[in-house]
Amino acid sequence: MVTARGLVHAYGERRAVDGVDLALAPGERVALAGANGAGKSTLLRLVATLLRAQSGTLEVLGEEIADGARAARAGIGYLAHDPLVYLDLTARQNLELYGDLYGIDDRDARIDDLLDHVGLLGRSEDTVRTFSRGMAQRLALARMLLHRPRLLLLDEPHASLDARGAALLDGELEAARADGRAAIIVTHEVERVARVADRLVVMRAGRVVCDESTDGRDPMAVRRRYEEVA
Amino acid sequence: MSGGAQYVVAAYAVIWFLVLAYVVMLGARTARVGRQVEAMMRMLDRRDAERSDSETAEDRT
Amino acid sequence: MTDGPARVPGQRAAAIWGVLATVLVVVSSIGVFLVAPEDADQGIIQRIFYFHVAIAIASLVAFAVACVAGILQLRTRDERWDDVGEASIRIGLLFSVLVVITGSIWAKASWGTWWVWTDPRLVTYLIVVLIYAAYFVLRSSVEDDRRMRYSAIYAIAGFASVPLSFYSVRVAESFVHPVVFTSSGANMPGSMLWWFVVSQAAMICLFVALLELDLLGRRSERALRRLAMRLESA
Amino acid sequence: MRRRQLMALVRKDLRLELRTRETIVAMVLFAIVMLVILQFGFGTRDDDLTRFVGGLMWVTLAFTAVLGVGRSYVAEREQHVLDGLLASPVPRTVMLGAKAIAIFLYMTAVEVVVIPLVGVFFVKGSYWDAIGWIAIAALLANACIALSGTLFSGLALFTRARDLILPVLFLPALVPVVVAGAGATHAVVGGSPDMSEWRGYCLFLLAYAILFALVSIATYDAVFDD
């Protein structure tokens, strides 16, 4: 689903991502960890096609990003630190906007389903400005799932989701494995994500320093392993 | 000088002066690069000297 | 790979163009002052025309080069095109300032006032100076990849604004005033035209020589920076 | 698909504007204040400024355009929504095209107030017969403003001191629009309309719009391409 080779992105002289190789198979869920400034968010933004790599090749969902970014975007769901919704539009208007941008055929039915799923159906006609942080992030979750993405890219999802949202997300990641959807979860809380991830990738100074399976391992053991390498 | 010759001279003087000033500016940058190259060479020389010192020291032990 | 490039490429080209430009500028200066015939109507003042117009056209060439470099930069994302673009616009801006100054002197000589809003060339070049001065304001407020991309886009948009400014001022002129002064090549005596052509060639060569020199300096700086980084890491 | 995306983005901008009423109201008020200040700036007690009406109107509209264009990505920037749009499969050209349509509509809304007001404030005599001709020139000018303004506001968006950068980039490019707009206005105001002159200026505005449309098609893709 994702194949990166020798990926480099520099801000000026500083290489935030410095030659990263990464391969993701369908149904795989990767916990991407590392200290602040290790380059994990930059890597996620590269895969989300929000940044352009200066060298290396990147293939997402079968599309070479250099020339097929837009085709790949249709299959990517990106959950950022910010909810990426307009505060002065209602929850439904925001989802309608994204539904049109992604060209969803059953837009209105899909929006009702998702609003119900994230528990915001009752507030769907209120502007996002009146929402709590957790509610806004649940709306962001609905926004991310709206177009049925095959690749989920999550940037510190547990930092801003409330308990209910986190449970929804964990359920989604659980289902992803069965559906053959892949996910990359950037995180600080390795033991939290280890429960739903199959692989741990650790970055340090722009490079991948550890890439191993966590299948069947105890979350605390994964945590210790992370602290070892990072 | 008659019939506004001073204006013609002034116009050409301005052109020559500003173009020359531009060339001098570019030259100043080249000179700076040259100085940096020299500084770097000195640094390299010093480093080489230190390295040969430590090597001879290792030989003795 | 061996050590960083000992010789920066382009030295010979810069030297050749530099010599050519110097020779042509000297020859055309001599020609303009001593050889070319005196204009019947304007007298000696007309001699400003040779460099004034030649440098104006050379500045347009510079902006065109920057526009093409911008297109290529956007296509290849190669920082060398950014160098070409910035160096060209810097020289073009220098030339446009010279056009405004010499034009202003010309206005003083023939109409007794430093500034004439009805002279289209003077007014349009003032606008051109403003357009391309903004290029450097834009560059100084962004960094890295964005700087190159934005500069390239602005070089393209700016080059589109140039003919628009030219034409808008001339449209306005043609309705309000009859054009006060035209010096088109068509009604120039032969030897005047010949010296104008030499001046034009001199100014174009001057542009290319300054551009080569500037690019040479940039390449050296870049090679030096790479060398310094390798030394630090070694 | 592109059409649906374009409509959705324009609808979004209009919905935001209707809910917050931040941009258009501020633009209209700014334009009125500008006109009043310009009147005082002329320092004249002469009641008939017909000779200057084109300049007064188009200088005001140019500065109002800078103000409005400067606001055009405020919601995306302050609420950090831009990544959401950029991560979606919207061609950048459609994104910026939608923004250009929004700017065009805002400018039209401002002109609906400003053009009659200019007539009331400054013109004695036959102005109202000419208002249709002025409106046509204004619509053409709006297309010019929208196309170039979208490009420059996109460039200014991530610069330092962006509120200062935008007018520095945008105003020189607006000079031809002001020249032609003022020219077209003068051609039809004040007694004896000169339709060939008006037509010349309108054709020029059309040429400006076409040229900047080409530049836009060539460059819009690169503006947000990090």
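Labels for the chains are A, B, C and D, by order of writing; each one numbers its residues from 1.
By definition in this document, contacts are C-beta pairs under 8 Å (C-beta built on N, C-alpha and C of every residue); 3 or more make two chains touch, one makes a residue touch a chain.
Remember, predicted model here, so these are calculated numbers, not experimental data.
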item	value
Identifier of the chain whose CA centre is least distant from the whole-structure CA centre	D
Whole-Å gap separating chain A and chain D, where each centre is the average of the chain's CA atoms	39
Whole-Å separation of chain centres (CA-atom averages), chain C against chain D	31
Chain centre separation in whole Å, for chain D relative to chain B (CA means)	48
Between chain C and chain B, distance of the C-alpha-averaged centres to the nearest whole Å	25
Per-residue multi-chain contacts in chain A, two or more chains	52
Residues of chain D touching at least two other chains	225-226
Shared-contact residues (touching 2 or more other chains) in chain B	none
Listing of all chain pairs that touch each other, if any do	A-C, A-D, B-C, C-D
List of chain D residues in touch with chain A within their complex	1, 4-5, 7-9, 11-12, 15-16, 19-20, 75, 79-81, 83-91, 225-226
Complex contacts: residues of chain C adjacent to chain B	29, 33, 43-45, 47-48, 51-52, 55, 91, 94, 97-98, 101-102, 105-106, 108-110, 206, 210, 213-214, 216-217, 220-221, 224, 227-228, 231
Residue numbers on chain D that touch chain C, as the complex places them	148, 151-152, 155-156, 158-162, 165, 168-169, 172-173, 175-176, 179-180, 183, 187, 197, 200-201, 204, 207-208, 211-212, 214-215, 218-219, 222-223, 225-226
Chain C residues touching chain D - in the complex, by the definition given at the top	71, 74, 127, 130-131, 134, 137-138, 141-142, 145-146, 149-150, 152-154, 156-158, 160-161, 163-165, 167-169, 171-172, 175
Touch list for chain A against partner chain C, complex	10-13, 52, 54
